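Each of the next two complexes has chain A plus one more chain, namely chain B in the first and chain C in the second.
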Partner chain A sequence: MPASGPAFPVLGDTMEDAAQQADVKLGQPDFIQFKDVTKKFGDFTAVQNVSLDIREGEIFCLLGGSGSGKSTLLRMLAGFETITDGRIILDGEDVAGVPPERLPLNMMFQSYALFPHMSVERNVGYGLRRDGVPKAEIATRVAETLELVKLTDFAKRKPSQLSGGQRQRVALARCIVKKPKVLLLDEPLGALDKKLREETQQELLNIQRTLGLTFIIVTHDQEEAMTMADRIGVMNLGQIVQVGPPRELYEQPNSLFIADFVGALNRFDGVVTSQVGENAQVRVQNGMTLKILSPYEFNEGERVKVTARPEKLSVFPADSNEAPTARNALQGQVTFVGYMGDQTDYRVMLDGGVEVKITEQNHHMSTKIAIRTGDKVRVDWPARSTALYSA
Partner chain B sequence: MPRFLKISLWIGMAFLYVPIFVLIIYSFNSSRRGSVWGGFSTHWYGELFRDEKILQAAWISLKIGVYSATGATVLGVLASVVLVRFGAFKGRRLFSSLVSAPLVMPEVITGISLLLLFISAEQFLGWPAQRGILTITIAHITFCTAFVIVVVQPRLADMDSSLEEASRDLGAGPATTFCLVTLPIIAPALMSAWLLAFILSFDDLVIASFTSGPGATTLPMLIFSKIKIAVSPDVNALATLIILTVGIALTLVMLGLRKGRKQ
Partner chain C sequence: MTALLRKSRDRLGRGFVLLPPFLWMFLFFLVPFLFVLKISFSEAIIASPPFAPLFEYDPDEGVVRAVLRFFNYGYLIDDDLYLRAYLNSLKVAAVSTVICLLIGYPMALAIARSPKARQPLLLVLIMLPFWTSLLIRVYAWIGILRQDGVVNNILMGLGVIDEPLVLLQTVFATYVGIVYAYLPFMILPLYAVLEKQDTSLLEAARDLGARPIVTFMSVTLPLSTTGIIAGSMLVFIPVVGEFVIPALLSGNSTLMIGKVLWTEFFSNRDWPVASAVAIVMLVVLLIPIMIFQNQQSKERN
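Moving on to the complex of A and B:
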């Protein structure tokens, strides 16, 4: 009974939720189509055979590290890079060879790219003037848009007299005043501090909903992608590795790469010692045995990788009377306690010689508050919250 | 050690600027003989403005300066755009070295080669029919362009290219983008480049001497011909005025470059 082909994860406890996530707004499902798109710079392949459909009205995040090709993909769609191979179709029309000024989309640049010699008002009106919109209409639309982004009082200022957050809103206003079908956002929150970023995320989502725009966001920040996106496409080395709603990527990653990239992870190398139905046993480092539920069948003796999210693990004092909450209950010693207010991060060296990360929500005062570095503890671990991958 | 540095600084500055100070002082000398101090006077400045020849030469130099600075700025900006914005096209390195070669080319060589060019052009094409303001201007544009590129290219390279992309994205074609976004942003550097080219053209003696013809005597050429006979005090006055003009222009160049960098 071989587990053939690519590694399949054990499903989390949340299969139903994944389906519930898919309440995507109605719209043309293939509004933007990438068909086998490849981009080469000389010998270097930046984007390789990417095929992807983006729905009208959805927020799609391209997530990846630097050099993953996500920005190049966006720039091809915006008309700034030629396409080496394949086709990009936007609302039924091939974008190849169309100069950026003719495409019905606008881009918000990472650096905001505000024109330093023009006032906020003139920056926002720039695109309308290029389209030959009548003067009176330009004035009204600019004023409306500035009100939408709460910058009415700053209309006469130069970009150099604005804060980072205000500049970001000018850049946004300059795009949406043109009423594009699609808004491309390149690391839109990258230059903002944490608090401002959360506010701005909310504002962006509100504007997206109000105007019914299609958003394509490029980011390297997985938290940003998770909170904003309807769907995420994770890129690595120029290829799309997995596309899906945030919850699907987190709970049902299609590979160890995704599991590791999206969220934190504990990893073990092991060998399957037995499997009866869904109940598998895996021997990992130093003779520890883990009990795992897996719908996929593995051979006895097969090498596997085992993963578990830190928040699925619980930690109890070793002398606690509480009964084990899960099938795996391992002994260990605390090596690190990081109290963050809402949650606490622990690191525990298991008696088997493997260190695991554990994240506990601090919803009530409990005996756990007394756990300190060096304490003997028990780590509980549901068999269902553990994933198996062929090594 | 700091004292040693201070002293060397002053010696160096003296070496550079004492001759110029002496010249300025002697321009207010009432004596006819340049080497003897005969008391303070502004007599020679008055003399200068009554001298038709000098005024005419100054007017010619001014015209040539404006024409060549303008021509060199246009060509220099075009070359800079090609060097900065067109990526690694074939022959870019060769082009880059060729446009900056005039910076280090001995003026005598530039002068002779241009003279030969103008003579043969006249023979085979019949144009330019006569050497004069036009030929000097062409000659000055050739070497001033190199200096314009030196000033404009780094400024253009510093400019965030996403500004131009944003303009395209918002619906402007490449030409509109260049006029409405690129040019205003590099304007301070353009002004500096224009003034620098103007100074270089206004000061030039060697290349102008080779490419000039009858009736086109520039100010430096006139000064040089005057001191070949004898150092006359009105030349000191003239030189002082030129130093003043160049000094003001250079200050503007520096201010322009600093403003450009700040943005």
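Moving on to the complex of A and C:
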């Protein structure tokens, strides 16, 4: 998979938007710095030359598949793994050689790692007891934190007597009661069911905002990353592939890998047939010609990959009016209709022999089925919603 | 109707599975125990078997008389030899258990924390001694500890001592033998518990500000209580009645109830007293077992 290729600004104002929003709530821009960090386990390189700055008060997501090195990076910051090469600076201090118990950050483990022999109360107070906080103060701070995570009634229970969601909140309480500067969350919602996830996401965001914490979240779930993060760093094979706000990653991926990893994608292989200014034409499989708006110059005859997100595509009955010239309009036949309630997924076999995915929001309340499997349709999308990558 | 049938069939099935162990316990534990109990209420006579029958038929009056003689138990109280032997056995067992725990815990922890691939090898090394007879292994200790044995030769060769130390037939030798023989019984249950411990708990403790030693005391140790209790029981209970090791290594240095039992049975041929000794020992041992059971059921709640 080619990792290089020209970025393609589709919505030019997104970056400024994100930056402006960011400036309002964020502090010190280089609060946590990864400088050329490498981690090797024997011959295996888990993390390779990662450089990254994380702002104070930001929610930063490390997104990647299993084995991408995201957890290793987090564990190095938490002091659980030694750093093979490079430096990690936390609030001006090098973390190398500092044992985990002395770092001003706390980690919420994927398994929650609650102490099974202690009550909720004692779990939450554990960190404070280790710091030698006076007993009376421990009691009040534990009570306050349990109230914040709505577990006051469960203070005397053992972790085995709690539900998954409650355990997750104990794990959170146990960290935030220590008032760390940074909270590391390893797949924080991984073990929860969908409805609970959404609620918990909201709770986490509220707590983050209330306490002004810096969150670093490790996840493999791009949806989770998109909804929670201020910025996302996508990792693959131990390297950071792209860092940016969710919108930028989705709309302006810097590589086909990112485009494919974040969100669904229709892909075509093609050859550039002409480019006049930004208006390029690409001939794809079976002689179909696509119109594409690309700020980058491609040579005539250059092999390219063309991508378009399913939700940018629309389906119309085949006999409806012809599309404006700035759009792509291709004929095809519906092979699959998936009604999801809020949206409908279509698969259309284009006459050129390529199948595309289309997602349409069901804007209107209607029980009428407009398009069925087998219908002849026209698939239509704007030239500017199509991206080009060098093959 | 079918539900009822299924229920009774299920019950029958369960009974079938449970029957063999119950039968086993009945035949090989309860029946011999009742024999021993019976003999303990008897009287030593010169005959074969060397004890008076408990039930006698009196043809004159046409009745069966059962004569329960309690004086064997009284005898155990009268002669303080038995009390001293019991107490000393308990002391030896307790001290051996503590030593086994102190040596065994770090070993079990080290095995549990070593790379997964190496653990089977280390466990085999722990169990390897069982492949040789206990008797031979204890004899080997005689070779190591005696006046011209390995230890004395090395120490003299190094010039640490001028005269050979008296090691054999001492309390020291008793403890060496017992701890050596019973250490695996401590290590294995401890390993089983420690190996299952979630390492992320240790990381969580560190992350929350606990130094490694504090992590051990507040997380690892309390979470291994079941292993500590199981291992301690497995060492304590058999050591109380241990005979072979003190017989070979202790000489007259250590008075233990196992040896007393042996003497009563084989030297004095006083089966009733020997049986009474055995019964009392069983009762003494039931106490720690019951504490253990109680602890376990508490844990489950």
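One rule holds in what follows: the second predicted complex is superposed on the first by the 357 of 391 C-alpha atoms of A that agree within 3 Å, B and C clash if a C-alpha of one lies under 4 Å from a C-alpha of the other, contacts with A are read in each partner's own complex, and residues count from 1 in each chain.
Following the convention adopted for this analysis, a residue touches a chain if its C-beta (ideal position, glycine included) is under 8 Å from a C-beta of that chain, and two chains touch if they have at least 3 such contacts.
Just so you know, these numbers come straight off a predicted model, no measurement behind them.
Trainee: Using the superposition on chain A, decide if chain B and chain C clash or fit.
Mentor: Chain B and chain C clash in the superposed model.
Trainee: Give one of first, second, both or neither to describe whether A:Phe41 is in contact with chain B, with chain C, with both, or with none.
Mentor: neither
Trainee: Please work out whether A:Tyr339 is in contact with chain B alone, chain C alone, both, or neither, and reply first, second, both or neither.
Mentor: In the superposition, A:Tyr339 contacts neither chain B nor chain C.
Trainee: Between chain B (first) and chain C (second), which, if any, makes contact with A:Lys178: first, second, both or neither?
Mentor: In the superposition, A:Lys178 contacts both chain B and chain C.
Trainee: Any idea which of 2-10, 38-46 or 56-64 of chain C is the one running into chain B?
Mentor: 38-46
Trainee: Intersection of chain A residues contacting chain B with those contacting chain C?
Mentor: 78-80, 99-101, 106-107, 109-111, 113-117, 126-127, 130-131, 174, 178
Trainee: Any idea which chain C residues touch chain A in the complex?
Mentor: It is residues 198, 200-201, 203-211, 214, 218-219, 222-223 of chain C that touch chain A.
Trainee: Would you tell me which residues of chain A are touching chain B in their complex?
Mentor: Interface residues on chain A, with respect to chain B: 78-80, 99-101, 106-107, 109-111, 113-117, 126-127, 130-131, 174, 178.
Trainee: What does chain A use to touch chain C in their complex?
Mentor: So the residues of chain A touching chain C come out as 78-80, 99-102, 106-107, 109-111, 113-117, 126-127, 130-131, 174-175, 178.
Trainee: Could you pull out which chain B residues touch chain A in their complex?
Mentor: Touching chain A from chain B are residues 160, 162-163, 165-173, 176, 180-181, 184-185, 263.
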